[in-house]
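The block underneath contains the structure these notes are about, expressed in structure tokens.
Chains here go by letter, A, B, C and D, matching the order in which they are written, and residues are numbered from 1 within each.
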Amino acid sequence: MRYLPKSDAERAAMLREIGASSIDDLFAVIPEEYRLARDLDIPRQMGESEIVEWFRSAAAKYTVRHTSFLGAGVYRHYRPCIIDSLVQRGEFLTSYTPYQAEITQGTLQAIFEFQTMIAELTGMDVANASMYDGSTGAAEAVMMAVRVTGRDGVLVARTVHPEYREVMHTYAQHREAETGDVMREVGYDPDSGRIDLAALEAAVTDQTACVLVQSPNFFGIIEDIPAIADIAHKKGALLVVSIAEAISLGIVRPPVEADIVSMEAQSFGVALCYGGPYCGVIAAKEKYVRQMPGRLVGQTTDRNGYRGFVLTLSTREQHIRREKATSNICTNQALVALMATIFLTVYGKEGIRELAEHNLAKSAYTAQVLAAGPGARLRFTGAPRFHEFVLHTDEDPAAWHHRLHEEKIVGGLELNRWYPELDHATLWCTTEIVPREKIDIAAKQLAAVSVEA
Amino acid sequence: MSNVLTPEASGTAPAGDTRTLGKVRPHQTQNEALVFEKSSPGKKAYRLAQLDVPAVDPGALLGDAVRREPGELPELSEIEIIRHFTRLSTWNYAIDLGMYPLGSCTMKYNPRVNELVARIEGLAEAHPYRPDFLAQGQLDVVDLLQKCLIEITGMDAITMQPAAGAHGEFTGILLTRAWHQSQGDPRRTVIIPDSAHGTNPATAAICGYSVENLKSNAEGGIDLEALARQVNDQTAALMLTNPSTIGVFESQIHKIAEILHANGALLYMDGANMNALCGKTRPGDFGVDVMHLNLHKTFSTPHGGGGPGCGPVACKAFLEPFLPIPVLVKDENGDKHWNYDRPQSVGRVRAFFGNFGMFVRALAYILANGPDGLRQTTEDAVLNANYIRKKLEDVYDLPYNTPSMHEVVFSDRRQLKNGVRTGDIAKRLIDYGFHPYTVSFPLIVHGALMIEPTESESREELDLFVAAMRQIAREVEENPQLVLDAPHSTRVSRLDETTAARKPILRYRKPA
Amino acid sequence: MSNVLTPEASGTAPAGDTRTLGKVRPHQTQNEALVFEKSSPGKKAYRLAQLDVPAVDPGALLGDAVRREPGELPELSEIEIIRHFTRLSTWNYAIDLGMYPLGSCTMKYNPRVNELVARIEGLAEAHPYRPDFLAQGQLDVVDLLQKCLIEITGMDAITMQPAAGAHGEFTGILLTRAWHQSQGDPRRTVIIPDSAHGTNPATAAICGYSVENLKSNAEGGIDLEALARQVNDQTAALMLTNPSTIGVFESQIHKIAEILHANGALLYMDGANMNALCGKTRPGDFGVDVMHLNLHKTFSTPHGGGGPGCGPVACKAFLEPFLPIPVLVKDENGDKHWNYDRPQSVGRVRAFFGNFGMFVRALAYILANGPDGLRQTTEDAVLNANYIRKKLEDVYDLPYNTPSMHEVVFSDRRQLKNGVRTGDIAKRLIDYGFHPYTVSFPLIVHGALMIEPTESESREELDLFVAAMRQIAREVEENPQLVLDAPHSTRVSRLDETTAARKPILRYRKPA
Amino acid sequence: MRYLPKSDAERAAMLREIGASSIDDLFAVIPEEYRLARDLDIPRQMGESEIVEWFRSAAAKYTVRHTSFLGAGVYRHYRPCIIDSLVQRGEFLTSYTPYQAEITQGTLQAIFEFQTMIAELTGMDVANASMYDGSTGAAEAVMMAVRVTGRDGVLVARTVHPEYREVMHTYAQHREAETGDVMREVGYDPDSGRIDLAALEAAVTDQTACVLVQSPNFFGIIEDIPAIADIAHKKGALLVVSIAEAISLGIVRPPVEADIVSMEAQSFGVALCYGGPYCGVIAAKEKYVRQMPGRLVGQTTDRNGYRGFVLTLSTREQHIRREKATSNICTNQALVALMATIFLTVYGKEGIRELAEHNLAKSAYTAQVLAAGPGARLRFTGAPRFHEFVLHTDEDPAAWHHRLHEEKIVGGLELNRWYPELDHATLWCTTEIVPREKIDIAAKQLAAVSVEA
């Protein structure tokens, strides 16, 4: 096997030195009846060219270069090519969690830079080294709020990504089992598309550990964070803000009133890759740092006085605290966090704003031309949005989806799957990479509704 | 010139060589400040495509929601960024540079073809909400990988959703809980051996179970009597790592399963050590009910400095109804779809379908190996560990002399006499050009040196490692201070972790 | 902490720092033997696809022509190969690691997007004999790049065939020869200033010309009187580098052209230093008849440890008929074709069309810059050189005080008093974390230090370089031996070149 | 401009320190009338995404994934992916010629390994660090032979790649001008397709510096090197063997009787890239080493006794010898030589043979099925060949080429372009990457000749 650095002669020699007569001696401890006497029933060993060909044809089953207006928590932005050339350096790609600081300063300093950038963008004091993704990050943020407040109740806006909410439910299960329905959802205002503040006010109690909202929310609407914070804080509950589109922070006011921010950083140079790997991250106010889940890198000096970085506050973590740990997370998304760090370094202070503006402009144009079609209108126009919007069409989306596919375009996502009340409503996203001509084609096709409709 | 042929002399140390220690020699590395310290206003590394739609006024569109204070991100040019991260990278050790025998972490070779196929545009640019009919290629990848992993583990069903091992444990324990509940018999405790990895108890706890510790027996394995005594009608499951964290196969594994099953409890296997079993034996055959795999260990996906990983969970048929949604199904025309209609499901553990990019890499690895390659891989992994054991057992204390599988665990007992601990030996090993083994784990071994070479090490590299470890043992006798002050050959040495934790500096702040 | 903000302290040297010299600090690098020394029979890093046609018996098909003794190629596994070349790479200095001020070599940033586009399958996998109608995309690349280079140089026509600068010189001089012949006036000599690069005389010689040396004037430039005296009816051309190798623009360039043209001779310009002119002035405008460019200098294609390069030759209309075949033409429908029917052509200088992969990279660079970017690039290159000149002219001897363009040339005159030569200063510069400047060239400057920073260096890096050079000057005064023994921080130091040349070992041989 | 590491403020500050009032001061030496007062007339500055898009669409103009049977000096073999990941490491990609040995040992050792592998494969004693390509390498080899022998005459087989011959003519021009027709071509035997030995024998004189043949030759035929060597050596001429398909050395007897071998190493893992960059290399008998063109790396030791490598014998080269140098070459093809070195390390002793065997088999199969068609027959069957063959078709190739293009197949190359006597003859190449099904389709289309033909 071409990955194995041994010849049969070397294997034989090593067995001799061990004093084993054959390799089977080393597996003798496995009870006879459980030893596999046959080949595994998996495809035969392939050559590299065959492997590449196999994946090429799998990839080709989807005609690449479709234009897509899908967003909904996963956003296609241009990825500067230096990200890939840097993260593929073996020194980053093939090293482990930086337990041995003397020979992992590269990874450690990069994570420290990542933590700083996330804190700067979110308006929080500190950020961790990453979580699995935005959905598990949100669930961990909620558990963190429960630890901080010693309370159990959790209020989640229905405008939060439906799959994020499902994950939070899964994580809350056992607490539900014990203390009953700990997690409740708060509806949204039908014309602003924002969380219903009155309903929220009514729902928050002194048993509420936290209120969790997403902004921009699942409909692309920017929530009124200051107002929500007031409501939560009045009752001593924490405010957790989940951010699924990190690019929005280039132009949208950061949720400085929040106590914890849980963000999905996929937009920062990470490929869509059919859903992962992405990069969650939790940021918070300084005072909560010892309740944070996940790894943290801190600055220190070595015995000669050189500045250096180390994994720190690990008494929070499973390998020290075991069942008392703040989380069970061990492996995180380090390399993806590095991609995000490079992305943010490429765009920098000015670029992230300019990029966000382009997204805003593209989406505004798309909304305008799509809504101009017969029987089409925008939903939730009562509040500001970033680069996603909800479109209502009198025509059944299935019908125009078909017309768009003919043009190699994937249109907006149907919302009735999660919001039965939003029938014929679709969620559209336009990032900077969608060319105007495709937007116009989409508009033309949408407008080409057959008269009967 | 003849000396160049002995492995010790790779790079050809001359007679009386003073600068080569083991297999490394000092050279210069570039210093590099924090990226923020290199920033200056107006430098740019980006240029956007020309905007082809009317520009907008953010203030007008967003009102109060507009950002007034930009975040303090750095401003650099492209070459400075290339240099920044290239210089940083040169401070890292990596598999690509040499042996990385971190026990329990399975630091094996990460094939480059995996990276290539994971970047094929049709795979890398696929949106998870793309309609299934446009995602058949992606679903083929998921489907074939699932089939392979089910065959390798000998289980009946699998979910690819968990993002890492600990996440897999979480998912697996949720399945256990859901099954017990479905039996109208919710249970309260999970039994975990004292040799277990920290994620096991942490997982049981976040799943709401109380953790019961099981003391290992004299061989570092499961004490059957103790287990039998401990299991009761409140026991939901035993979380077992097999081979154990001391690298020993639980030869009584089937009896363990019997005891649990007889009490209505389940056997959860932490599959972190599957690299010792792949193609030689199957957990599904020896009584395991549910287990997780670490694609970033056994199946060669890169660790990337700490992640991303992928922790699929395989289970027996009776647990299948509880798997997270969605699950992959085939319709009558052979088209593949995601099925969300699973009333008994524990729900979702992650948005979308899991770390698909890691699926691609792991599948590429399996295809590159085939049945024969996987078996040979396992055999070489076990051979390497036993070779190291043989070559070091006379100088380092072997707490358990039960046969080793893919890793061997020594203790620092002998070196402690001279005040040298496993952590010090680890630091000194750095001077010899190796990444240290896993330090002080498992906890059942006081001062553990946990060494997992994996199959990826040549005999030459193993011999260099053995020579270094033996030399260090000698140094401990003759000059312990040398070891206590190690490493001596690195850019930084012995960083102050106490101060780091007492006064945490977790971010850069621009000096006023 | 404040010190981390001063460039000198990048990487934050503590007070009393002993190990950081300039901007580097020692760290360990892995030793690595020759790949042949790591070979052992039976190890494999390849696996071919299954043969889908009947296997054949080579002996039967080839008879005596079959190979009986295989070549002694190494046998390794994939991970060993990754480690071998990764380890080797860590012994190299590179632009990606820091400033590389090799005068005359224009070591500028090599953008990564160039590498990306050069690997786009449709470009990378195109066979040169593909019919033109299937190659329109490739021809678009050639066409646009040619247009850009013609505009940049101010010439009328161009050939992309030459593989490097010297190859371009060869081509350009052949054009000269062909034109003279076509005038029924073959000539015998080419005049070359004593400041010229070695390839100039070497080229003239292989083109069958006798080389006449032209002594530079007191400013290191062309001595007009001397030139006027020397040019005669046997002079085919003057090969002029402008700016000259001492980085000085020939302000009399138009007069030089007049003198030559008045005598029926041509002005050949070595365009190696176009990085000083791009977007600011055009050789075609100031009288040059024919010139070459180095895409691997001015246009950012990577040097790759010595190549590949690309040396297009641009010329005035009267030389166009003599260009190598084929030349790119457009037909009435705008389709592009290669035209081979060129009776006056000097013939081919290379198979196929030249280093197309370099065309792609250079064009990507030009598109990334645009007119404004190219001008700014030139201005920054000249700014950097003058900044260094200003900061060092008080400690290093400046043989000519004519204004510098993109590079500055000092001499070691002052240091020589202490027995230290330019080569020693260069070696010491390595200890400070920089690649040395060009040593002992041009020949008109005794003990030359030829420094070309290019536009790619930040002020921070320049200041570190200046600080290092000034520190070395001090060391030369206070402790010359320190400099004479440099470098002290590298894996190897002062290799024995004499023995290498006297008893050449040019290959590895397996010890008997 | 995003590649430039300066802000305008920094530029201004630096100008001040220099004592210049503006950047124009630094360009004042350029006579006013020659200073460009306008923008260059080239495309505007583009963003990275626009650049990638421009080249993507250019590349897409040729529908990729055509199957090609083109060879003729450029061969498509599978390129193991580690080659690209290794040569893209900045330490290799962005370093210069290894003039400063202390900080370029990586490049130097790799070149030393390259030189050794080439010597091993070709059966020569020494090899250089690379030449531009096979054609210029051949021309330099001829000049080398002229220097070695002090003779002027050169005999080149007509079976040598036509473009190689054109390049040799170009390089010989000036000597022609002086000493008349110095380079003459020797025809080939019509049924073996090998050089006409009788004609060669007749042509060699004591003024012949060298005989240059290619093997496998342009028709894919393996020349009878021992016989040719006898003829050349009898008259004191050197034998120069040019090799365009380096993979052949895995299975074809190396030209050990040659004095100089000039090889194109493109087949060793180098992309076709529409004709370059490739990698020429010259190998020779030890005694001629001081007449070799190009760079040479030699082994030595440093002052501490460590083994190391340096550029050596540079007194042959232009930067020392100037007009007396053995060649004017300076920049060569170093990075491509590194690719070849990695390729040869991947395949190794066994793999190169196995790979060559697969090529042999594929080509044998192709020849058989194509020649089976009506009006089709193989030419030059009288001598062994590697993986190329000449096919004669009664039908005009233009006609079947058209049918093949319909199937996205590019068929064999028409030879009458260089060999008028070979009308209706096409040169076919099948490497290991051409799948059998495509070969069968090509055969089917070729056989589908319309009756009139």
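As a convention for this text, a contact is a pair of C-beta atoms (placed from the backbone, for glycine too) under 8 Å apart; a residue touches a chain by one contact, two chains touch by 3 or more.
As the structure is a prediction and not an experimental result, all values here were calculated from the model.
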Label of the chain whose CA centroid is most distant from the centroid of chain A: D
Pair sharing more residue contacts (C-beta pairs) when C-D is set against A-C: C-D
Rounded Å distance between chain C and chain D, as computed from the means of their C-alpha atoms: 21
Length of the line joining the C-alpha centres of chain A and chain D, rounded to whole Å: 49
Euclidean distance of C-alpha centroids - chain A vs chain C, Å: 45
Residues within chain B bordering two or more other chains: 1, 4, 11-13, 32, 34, 41, 43-49, 75-80, 82, 86, 90-91, 95-97, 109, 111-113, 115-116, 368, 456, 458, 490-491
Two or more partner chains touched - positions in chain A: 1-6, 10, 45-46, 48-50, 52, 78, 80-82, 85, 88-90, 301, 304, 306
Touching residues (chain side chain A, partner chain C) in the complex: 1-10, 45-50, 81-82, 85, 90, 301, 304-307
List of chain A residues in touch with chain D within their complex: 48-49, 52, 78, 80-81, 85, 88-89, 433
Chain C - residues contacting chain B, complex: 1-2, 4-5, 9-13, 20, 23-34, 37-38, 47, 77-80, 82-83, 86-87, 90-91, 95-98, 109, 111-112, 368, 430-431, 433, 456, 458, 460, 489-491, 511
Chain B residues touching chain D - in the complex, by the definition given at the top: 1, 4, 11-19, 40-50, 75-80, 82, 86, 112-113, 115-116
